[in-house]
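Each of the next two complexes has chain A plus one more chain, namely chain B in the first and chain C in the second.
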Partner chain A sequence: MAEGLVGTSRRSLTLAHVLLILGCVIVAFPIYYVTVASTHSLRTILNPPLPMLPGPETIENYREAVSGGINRIGGVGVDRLLLNTTIVALGIAFGKIVISMASAYAIVFFRFPLRMVCFWLIFITLMLPVEVRILPTYKVMVDLGLIDTYAGLILPLIASATATLLFRQFFMTIPNELFEAARVDGAGPWRFFKDILLPLSATNIAALFVILFIYGWTQYLWPLLVTNSNSMNTIVIALRKMISFADADTPWDLVMVTCVLAILPPVLIVVLMQRWFVKGLVETEK
Partner chain B sequence: MNRATFPHFWLPLLLIAPQLAISAIFFYWPAVQALYQSVLREDPFGLRSTFVGLANFRNVLADPAYLNAAQVTVVFSLLTAGFSMAIALLLAVQAEKVVRGRGFYRTLMIWPYAVAPAIAGMLWLFMFNPSFGTLAAIPRALGIRWDPLLNSSQAMGLVVAAASWKQISYNFLFFVAGLQAIPKSLIEASAIDGAGPVRRFWTIVFPLLAPTTFFLLVVNTVYALFDTFGIIHAVTSGGPGKSTETLVYKVYNDGFVNLLLGSSAAQSVMLMVLVICLTAFQFKYIERKVHYG
Partner chain C sequence: MATLSLNDVRKSYGKTEVIHGVSIDVEDGEFVVIVGPSGCGKSTLLRMVAGLEEITRGTIDIGGREVNKLEPRERDIAMVFQNYALYPHMSVFDNMAYGLRIAGIKGDDLKARVGKAAEMLGLTTLLDRKPRQLSGGQRQRVAMGRALVREPSAFLFDEPLSNLDAKLRVSMRLQIKDLQRRVATTSLYVTHDQVEAMTLADRLIVMNKGVAEQIATPMEIYDNPANVFVAGFIGSPAMNFFPARIEGGHLHLADGSQLPAPAGVSEGSVILGIRPEHLMPAPLDAEGSLSVRVLAVETLGADAFVHATLGDGDADAIVFRVPGHDRPAEGERVSLMVEPGKAHVFDAATERRIAEA
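Let's turn to the complex of A and B:
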């Protein structure tokens, strides 16, 4: 639209492209770097500079990593790490959506004693992130025997106010007429939810799902606290263990492969579900 | 609006019960415990505890290590929020200008969002690793003795770079949304009055972007305070010395590694107060935004 009144001059447009390309290079470079590193032999990695194009060891490295290489460094196979992380990420995403929809449904479409008190109790949890109550929460986990369990990794992270607030906000925009029409037709709470509310919420659910999956996949402090056994680690925690025990023998090529495997699934989700992701991000925060 | 509702009594209680139960067990009970422990002094084995009033708080606030952590946190947060917001704004403004390739740029720009903070830290550590990082050659070429794991300001530089990098995507998307909401007619009006592009940006666009900027300022502060724990823990472990030990890292370290329960609890309570202030600030501001439309 260079012809417009406030149109961008040709020079300024070129400058914009140059800056954007530069920005993209900086933003994408760290991920590209580790991906390239994962395709080179250990010897190449340890002799900088790293070639900027993928190397010949791709298949070799990945085959070794998957077939026991990572097991030798971290004491647990990469398949188990990816499985753990997927279970945690999906568990948090589904769990959060289910319980926050249920409570938002109760708050908006029913009247019951202490309704507003319940709402505030949920709302205030916004102000109590894990980071400010690390030790006592850990003690609760020990008392309940939830250390090294999937429940321990998932449950404490599925109650947060943001998703509930989002659904409450959305449910309140459903016109009364729609609700009453459904009631006249004899719909009960379950029927109304299943046939009317759920289909209307589909976009919101998809958007929230992307955000929550990323949130679950990238958790750090919580898995660090509640997993002692290597076999319950998420891939992020396992990676950190590999690096903190690094010495002259660390097979950096396999560490790079693990790094790529830890980054790839959430990046793919964000890129492929970009539309939902942007919507979810911009709307959950407002 | 008076909402029509279902007449059920038990059903809603049943629906809201799971979230309340989880909140009570994993949020309220631990928070109350933190409050309770912050006024007790306990021996490290948890055998005996005595009520000491506010002594833990006094000790924490008089502790040079705590004040150091507070200072580190302020420096780290300001640098992280400053860099990531400035870069994101610059790129968002450029993205508004171009028509062709906008979607392509956005696709590349959102990658870091999906990377865990701890891994973001590791990526930067790989690139700038003094022994095998390719980019370590850059500071060396500038004549710097590069060793981010032994030099405190280099360590701070590395964690700030990783933390800002990770947050650029988020800020970029919000700035783009903010820019798109600015009416083009205002910009054209100022162009008719003879304002050049730079002047238009600072007198029209930037002020109108203020709500987005304030919102991002709060979000980025919260991010730098809490979500960056993984970066610090994975890259520097608070070191070298205590030069990258933030408040959250110190709560973790004092509670889990040093087993100073009372002190850790008192620090938790102070962080809680901080979060409450930040959240209140954020909601107050959001309310204002709703008012102005």
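Let's turn to the complex of A and C:
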């Protein structure tokens, strides 16, 4: 592949590699630096320059962060934050997938009155992201008593026109005869969905899951609004709360630890699901 | 095992009617082939029987029970689709077992039934494969197997062989026929290939533009086509048609040649139809022969098809068959005799068959 792209001469190959490595370093360096910083004491961090190699405080820093040593967020442990964020991210990812698959299924495979109206209504909501409808949504959540609950964190973010459209496009590539063959075989709508559509959508679901998990994990505005109690914070919100305007008030070592821990789960998801993810993006199974 | 009857079945999409009332009683175990040109409504008719398409008017009975309002699964039919419609993520075994599983059959019973069907179709060694690991012919057999295991009252086939190459088509054709004989299940089979239709059918439905032009056995249709369309559609190469007039007990053709007119046909314009295989070379200018000029000769080996025009004029080309070793040269003038009783006379206005000559 590299040959096809940049020619075969040794010089151009070397050049390409140098450029690529440089790019990797530039992207990776801040992450490395954060990781290094998370292993030094607050004093070391506040006295520049920061060493380029890991320090001796690793275990201590991580234990303190996890056991709730961060006063600025009310002594809530990072483990609790991770749990919150995981629940929210999983909830959003699964919720979005379930809802959008169900609506795409209805739109593609059933003939009902106002079918196209429904489709366009869903399509139009693309123009209404969370930020635009944030006030009414907040009001609804307050009225329903969902402030500071997982439901309040997850539900408003679940409806997804994008995912619905993606599934719709995919379902349209499935030959109608497959649906008819299943009908003749005696499969009702639910069985067809479960036995045929779901397995055929597996790679698409996996790809979407990765994207949506990260989307949910990195949510900022909505969790900020809908949570008051420190114990319901997501890790991103907690990170923001830990940082004070005054440098000295900020426990930078613990912030760095939290940063590292906040990055890890999405990275893990991507690494673990990489094969499926790529498959889902490039291939439509025949 | 069941009879199948259609009573004045009609289908409209919006305001346009595409099936204009088809009626037939299919006997238990009979193999009926629906044949016709593209767009004539064959698939639509079949899909109405399957329950995949609503019936606008008329009734369909399977096994003496009206099925108009029933879901496909309640009609006890199995269908083989043109592109097979195999479930891509399931193994051959699971593809064949799916319908049975839904019907609540499991365990050894399921294995036995799938195994039996797989054996009949020579699929036993392929049961673990996925459809994409199969050749076209194998996929076709799996699609057949999926229908077979269900042991339904009726099989419905929608051009099941049209995606196969010519040679495979011939062998699958024989297999289907043999299989249908063995299981003796009532079958409706759609095709646009008249050779397939002739070889498979106990009875044929020749369709044109949403109308069943003739329903009869293949030989009956070949010998006594009901009208010009059926006569031209069934038989290969197609029947030759000549505009003619009946006058004074003779058939007058455009080039002035005369043939004896059939008895009991009133004078007027008719269409004379003669199959290529019923035109035989005769001594030059013999009494009652047609004189033609050879345009081209297609040699097939045992036979040759000769394209020629009537007289010397520029009338439409006609085709006749000669033995491969005894063929005329291009440009040659040849006289042809019509095999007695093998010419068909159609009314020029209605195009219905009125006599043979």
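Everything below uses one rule, namely that the second predicted complex is superposed on the first by the 256 of 286 C-alpha atoms of A that agree within 3 Å, B and C clash if a C-alpha of one lies under 4 Å from a C-alpha of the other, contacts with A are read in each partner's own complex, and residues count from 1 in each chain.
We take it that a residue touches a chain if its C-beta (ideal position, glycine included) is under 8 Å from a C-beta of that chain, and two chains touch if they have at least 3 such contacts.
Just so it is clear, the structure is predicted and the values come from calculations on it, not from any experiment.
Look at chain A after the overlay: chain B and chain C fit there side by side.
After overlaying the two complexes on the shared chain, residue contacts for A:191 are found with chain C alone; chain B is out of touch.
In the superposition on chain A, A:183 makes contact with both chain B and chain C.
Judged by the touch definition given at the top, the superposed model places A:46 against chain B, while chain C stays out of reach. Within the superposed three-chain arrangement, the count of touched residues of chain A is higher for B, of the candidates chain B and chain C. Contacts of A:201 after superposition: neither chain B nor chain C is touched. By the touch criterion stated above, A:24 is placed in contact with chain B alone, chain C being left untouched. Looking at the shared chain after the overlay, A:102 reaches chain B, while chain C stays out of its contact range.
In the superposition on chain A, A:61 makes contact with neither chain B nor chain C. With chain A used as the common frame, the shortest Cα distance separating chain B from chain C works out to 7 Å.
Residues 180, 183, 285-286 of chain A contact both chain B in one complex and chain C in the other. By the touch criterion given at the top, residues 1-6, 8-9, 11-13, 15-16, 18-20, 22-23, 25-31, 33-34, 37, 87, 90-91, 94-95, 97-99, 101, 105-120, 122-127, 131-134, 136-137, 165, 168-170, 173-174, 177, 184, 187-188, 191-192, 197, 200, 215, 219, 225-226, 229-230, 233-234, 237, 248, 251-252, 255-256, 261, 264-265, 268-269, 271-272, 275-276, 279, 286 of chain B touch chain A in their complex.
Listing the residues of chain C that touch chain A in their complex gives 50-52, 71-73, 77-79, 81-83, 85-89, 98-99, 102-103, 132, 146, 150. Interface residues of chain A facing chain B in the complex, by the touch rule stated above, are 1, 5-6, 8, 12-13, 15-17, 19-20, 23-24, 26-31, 33-34, 37, 45-50, 99-100, 102-103, 105-112, 115, 118, 121-122, 125-129, 131-140, 144, 155-156, 158-159, 164, 172, 176, 179-180, 183, 188-189, 192, 214, 217-221, 224-225, 236, 239-240, 243-244, 252, 256, 259, 262-263, 266-267, 269-271, 274, 277-278, 281-282, 285-286. Those residues of chain A lying in contact with chain C across their complex are 175, 177-178, 180-187, 191, 195-196, 199-200, 285-286.
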